[in-house]
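Structures follow.
Each of the two complexes below includes chain A, the first together with chain B, the second together with chain C.
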Partner chain A sequence: MPPGIVGKGLPTYFSWQHAYMSAVTSNSYLESLLQGQPHLPAAPLAWFNELRADAVDRVGALTVPTTRDEEWRFTDISPLTKLSFHPARNAPQLDAATIDGFVLPEAGARLTFIDGVYAPQFSFNNAGVVVENLAVGVTRHGAQIEPHLGRHAEFRGDVFAALNTAFLHDGALIIVPRDASVTAPVHLLFIATQQEAASYPRCLVVAESGSAVTVVEDFVALQPDAAYFTNAVSEIVLADNAHLNHVRVQRDNGAAFHIANCAVSLARASRYRSVSVALGARISRYHLNVLQAAESAECTIDGLALIADRQLADTHTCIDHAQPHGTSRQLHKCIVGGAAHAVFNGKIMVRPGAQLTDSSQSSRNLLLTGKARVDTKPQLEIFADDVKCAHGATVGQLEAEEVFYLKSRGLTEAAARNLLTYAFGAEIIARIPVASLKHCLEQTVLAQTNR
Partner chain B sequence: MSSVLQNLVNQPYPHGFVTEIESDVAPKGLNEDTIRLISTKKNEPGWLLEFRLKAYQQWLKMEEPKWPNVKYPKIDFQAISYYSAPKPKKLASMDEVDPELLRTFEKLGVPMNERAALAGVAVDVIFDSVSVATTYKQKLAEVGIIFCSISEAVHEHPELVQQYLGTVVPLGDNYYAALNSAVFTDGSFCFIPKGVKCPMDLSTYFRINTQESGQFERTLIIAEEGASVSYLEGCTAPKFDTNQLHAAVVELIALDNADIKYSTVQNWYAGDEKGIGGIYNFVTKRGLCKGVNSRISWTQVETGSAITWKYPSCVLRGDNSVGEFYSVALTNHYQQADTGTKMVHLGRNTRSTIVSKGISAGRSNNSYRGLVRIAPSAAGARNYSRCDSMLVGDQCGANTFPYIQVNNQSAKVEHEASTSKIGEDQLFYFAQRGIGAEEAVSMIINGFCKDVFQQLPMEFAVEATKLLGLKLEGSVG
Partner chain C sequence: MIYQDSKTLLAVRGLRVTVNDIEILKGIDLTVKSGEVHAIMGPNGSGKSTFAKALAGHPAYVVTGGEVMFEGKNLFELAPEARARAGVFLGFQYPIEIPGVANSQFLRLAYNTVQAQRGKDELDPLEFDDFVREKMKLLEMNPDFLDRSVNEGFSGGEKKRNEILQMALLEPKLAILDETDSGLDIDALRTVANGVNQLATCDNAIVLVTHYQRMLNYIVPDYVHVMEGGRIIKTGGKELAVELETRGYDWVGVEYKINARPAA
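On to the complex of A and B.
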């Protein structure tokens, strides 16, 4: 009798909702996470403090999601709730050599955060636009920040976004003025160093009309086995005709927990391109929400999850076509080895009236081992008739014929497999517009496939 | 939107008549006494009453599912009558069946007696909750096939019913399956013994007649080693401005090398153009490919019901077994459909194919929800899914929710979906070639659904094409 079949009847996986974890004493856990929140310094701006207080209230009203929640069905975060995390008060002093490996030579500006704390000694700005830490920026650019901060990343229904907002006091702020074009990428470097540290990175990017910029969010770890918790929220706002390249690299260590929300709002004829790469973390979850709030917006969203051992990488994306003439392209790839588990949920929403939307989405998954697991759900919700929407999903292993072809050219079985696996992932990495980062990630992927 | 398309969404429901037949209706409400009453009326053995009561206890503990993408007011399960039967009379032959009832079936175009012979179809007719006539029984019995109502089977072949009932859809599988297990009143039973190829298509016709009654039928089809059968199911209901509940359970079991083909043309009353009335069609259908090389194929054409909520599924347990699902779902006005399939691959080299075509018009909402699950044991499993949606008008919605869960590296799963509409330029192209807009729409829709229609048995394919053709009839003039 196959596993899961009990007695006469069929197993419970027949229900759409299944396998739930035991009830978490979720509220007390959230309370423990909130410890330290009251010590945050009050900001000089009333709305800023209100926003934070509002988020604290929301945390009180929400619970930690379980696999009974449709949005979290395949991502069991109970291991996270078994550990306690506290925000780091002081970041350790690091010497410059420590972060050398993470530096992008072509960056025109960099903001560095160590365990969530701003590190001015590792930050610089030659970009000629506003790239500063939020705590400073909010006093100088309050009027420009107020309409956006906390207004795009919905925290009323998402406990992690609410938690992040409750801890809102510092973060990265990028404001690109009208028609400014920043050629050198802006590098946001988040370094984790301490065991049990909880960090709440926050990022706000405002690209005013006609501007162009490339932003790299980079999450790295110094200790290979320190369990820490990163809960990030990014808000990205593009005004009319603005162009933005967004690169997100999550290379946490294998013990870390990483949960991130990113909300993007696109105005008329703006263009957003994003490449996100998830390599690390024991459990990671990236929730990207792109709203096409005006006509003719364009977005391209690509992703790669390369995981092994007992890692879990969850990518949730939602592209909301709320206005006509929008275009979206999405390619998401997962390479799953060991006993790892990849989750993808890609929702494409076409609202009533969003005619002439052109959208395509593809989820491609490669399973390298017998214990690897993939749950993918590309999802279309269409409420307009004159649209072109297509999605596809594939799950499989390497083609035996391709392996054979390479072997016939003199490669060993292992080398052939590695090369094909590498090529599968390299398609996404090649789309990163920062040469040094691209090279570095190619090396990482190569090393990982050669394991 | 062109006037043709507008007319397309405004066709009358031809089966909306009520038959004046005296019915024996149980008092409204659901409790253990109702269940005992049903059991007593049907003179059932103790084990079945126990089965029902156990299901009822389970049901009490369960909650109505909230995940489907459908909206409806809360159902008051105490306001439904759980048993409604035409007043009992002894029937010696078909001639003694209430002529009013026969006229009903004539109106429905059900081939019974002579027409049945020509069509070569054996029909089991379920009227409200009770099976009223089974044709061709004798001829089927000659080759050892048992085809009768499930209440008859309970009395005459209790060992078979007891062995298989509830094995594919367990008592507490889901809310509506538990309800059905507690109160099911009749349904079809079909047993194809080892090595027998059923010589004709078997068919059941379901009709809900009484207002405020629910229909809870239960179908059980067993194909033994090497057997094969093709089974057809059709449904209609009269027009009422209240909603009626239809919560059926269908279980299919295919042993080694067996082959079951199950086709449905569902045309329950869908409510009027304002969305008032209509059937809530909450159905659990599941087939178990228990043996090696077995095959279960579902084909459905869903055009009726205010709300459709069903996922004909296949559990591919036997090695090399095959599951298929072909579906056309058409929604109009305020209809809502959340339908699809589940393919659970457990055995080695199991294969499944899913082809789903959704057409939404008016203010309707049409969702495809599908699950493909490859268990760790399903080495070499293969799935291909294709879901296409067509939108007619800009007030409707089309959604796709495919769940793909792969737990075996050697499996290969492919899913594709697309959305399209009937474009003015397509119609123009037809017009250029002298083909009227109506005919053009009909051709485009038939072409869109072709992959599914060609899976239907001949009679049903004709009926399905006609059903879509009917939608155009109203647009003349």
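On to the complex of A and C.
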């Protein structure tokens, strides 16, 4: 379907009820999520509306995964389905001071979303490139958006990606034109404020050939106890020789549910570097899919999950080497305290013909208590014969020799353990290319390890 | 240096220690007074390092007998960190690498912890930076080592300098230096020894644990003790170290057995 504008002037209203009735929704929970917002303004683009309708259909055809699904074996999301969530109709009015603590002074642009609703009063753009609300940008930049939106994050088989796509409206749109280099980071700030709010953050980044940009996705909460549901989808597309730094910080509150899909597509000799940090949420799941769609693409994917109490943090990654000469580097760390549970599944796919792929993956895990648990699974699927693929996983506790060394210098047992735990996580934090965020997270990690 | 009427810092009586249920120390007696430098020498496996680690409170070293008084207090009633704060310092034979912790951060944390314990002022990062740079000059250390992770990627000599730097910061009453000379070239040895000598006062004491005599050319001991089989089998002055260097350790053991026989 070619892009086209249907009906100029007032937007027509797209009927949810109709679309959803047409689908046979087997799962009453999904029905209730869809029912949350009966009317969403239709975009003046047919393909956009069709994409949403298609997604609504898919939600109807899919079910909420259970631990019987291989991909969700270790992650029981049934607590999510015991609560009801509704999209926020209106974002609450917040004082500017409220978001002061989340501001990144280096940012050249910021888009703020409150409970999923775009908040222009907390947004600005001095980046010199397109950084705007998707709901607005879709009409202006339709031709650049249509080939990508909903085309990379596969929603036909993923109910959460489908739900997000069904709610397509506000979101972040970043388009970096050919050979443009944006030095100041673009900050996408997602603030959760309300109990039972469901939000569907959406992000599309198109980095055209030879361009460079740093994007920070930052998920924060104002209420420490409000249970809310964040279901995010990001699509990131790098054209030839484009460079992109992607920082993702999930610091939801401890009652939240956070499910996110991110799909990255890399063209020839492009370079994608990502650091994702998961600190919050009662249950979180981040699924990152990187497709090296052309020769000589490069990616570095680092992750840290630092959790305690009864938190569950699941990170699924897939690096798909589909073409020759690709490089991937991955370091994923989990620090698990209390009775928390971390899951890491790192798939490395090397397709037939993707010769001279050079890939390494390391999963390192620190268990702080006897009840802490980690399930880590490297998953290598290699169908080419001239490749270099290294992987390793370790699960352990703090080294007694290290603890003793620090104690012999006067540090208490607790201080020694905290410092070593902090150091374990700091290796990942140190890779964040935004100094203020790095510093802030170092303090957060320090505070969390000092609990 | 031996001073008249100096007080006893460390009194070890009949110390027995096991590691993994194997008895390594079989009754050690040693008295160290303030101002003194003691060298504990002996072949590999004689128990020298075990003695050093047991004094510092390493959890793998289990005390099964005897007592150790430090300034009149039972040392074994103190946790390792409390011993450090009370003024016991162990210079590690193999200093531990701690990736992710900046050396400056570690040094300041250790310094401030001990300062607080002594009721003295703690230093903020800027004040500490000036302070530690002065101390580093003593050991001819490059200030770049402050920004690197603790001991990570340091050469053997750099690690040992970093140990003595910690000694300089913490100002212990009793410094036990375990094989501080191993892995040092002669220039580094001279520098490190010079640093230790400058830290020695009439109020503190140093116990050097070493296999070789060469460090004792630079840090001159008042007493030399020879360990074998978990016991101190001979004690002499600095000339004993020279004799050990030329004659080896075997003769000391033979002499000990001959002397011990009538008593047995």
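In this text, the second predicted complex is superposed on the first by the 422 of 451 C-alpha atoms of A that agree within 3 Å, B and C clash if a C-alpha of one lies under 4 Å from a C-alpha of the other, contacts with A are read in each partner's own complex, and residues count from 1 in each chain.
By our rule, contacts are C-beta pairs under 8 Å (C-beta built on N, C-alpha and C of every residue); 3 or more make two chains touch, one makes a residue touch a chain.
Quick caveat: nothing in here was measured; it's all calculated off a predicted structure.
When both complexes are overlaid on chain A, the residue A:Glu413 reaches chain C alone and has no touch with chain B. In the superposition on chain A, A:Ala426 makes contact with chain C only, not with chain B. Of the two partner chains, chain C is the only one touched by A:Ala400; chain B is not.
Of the two partners chain B and chain C, more residues of chain A are touched by B. Within chain A, not a single residue is touched by chain B in the first complex and by chain C in the second. Against chain A, in their complex, chain B makes its touches with residues 65, 67, 166-171, 173-174, 286, 288, 313, 315, 317, 342, 344, 346-347, 369, 371, 373-377, 389, 391-421, 423. Per the touch definition, chain C reaches chain A in the complex via residues 56-60, 79-81, 83-85, 89-90, 92, 95-96, 98-101, 106, 109-110, 113-114, 117, 149, 166, 170. Residues 399-402, 404-413, 415-416, 419-420, 422-427, 430 of chain A are the ones touching chain C in the complex.
The residues of chain A lying in touch with chain B in their complex are 2-5, 8-10, 13-17, 70, 74, 352-353, 355, 365, 367-397.
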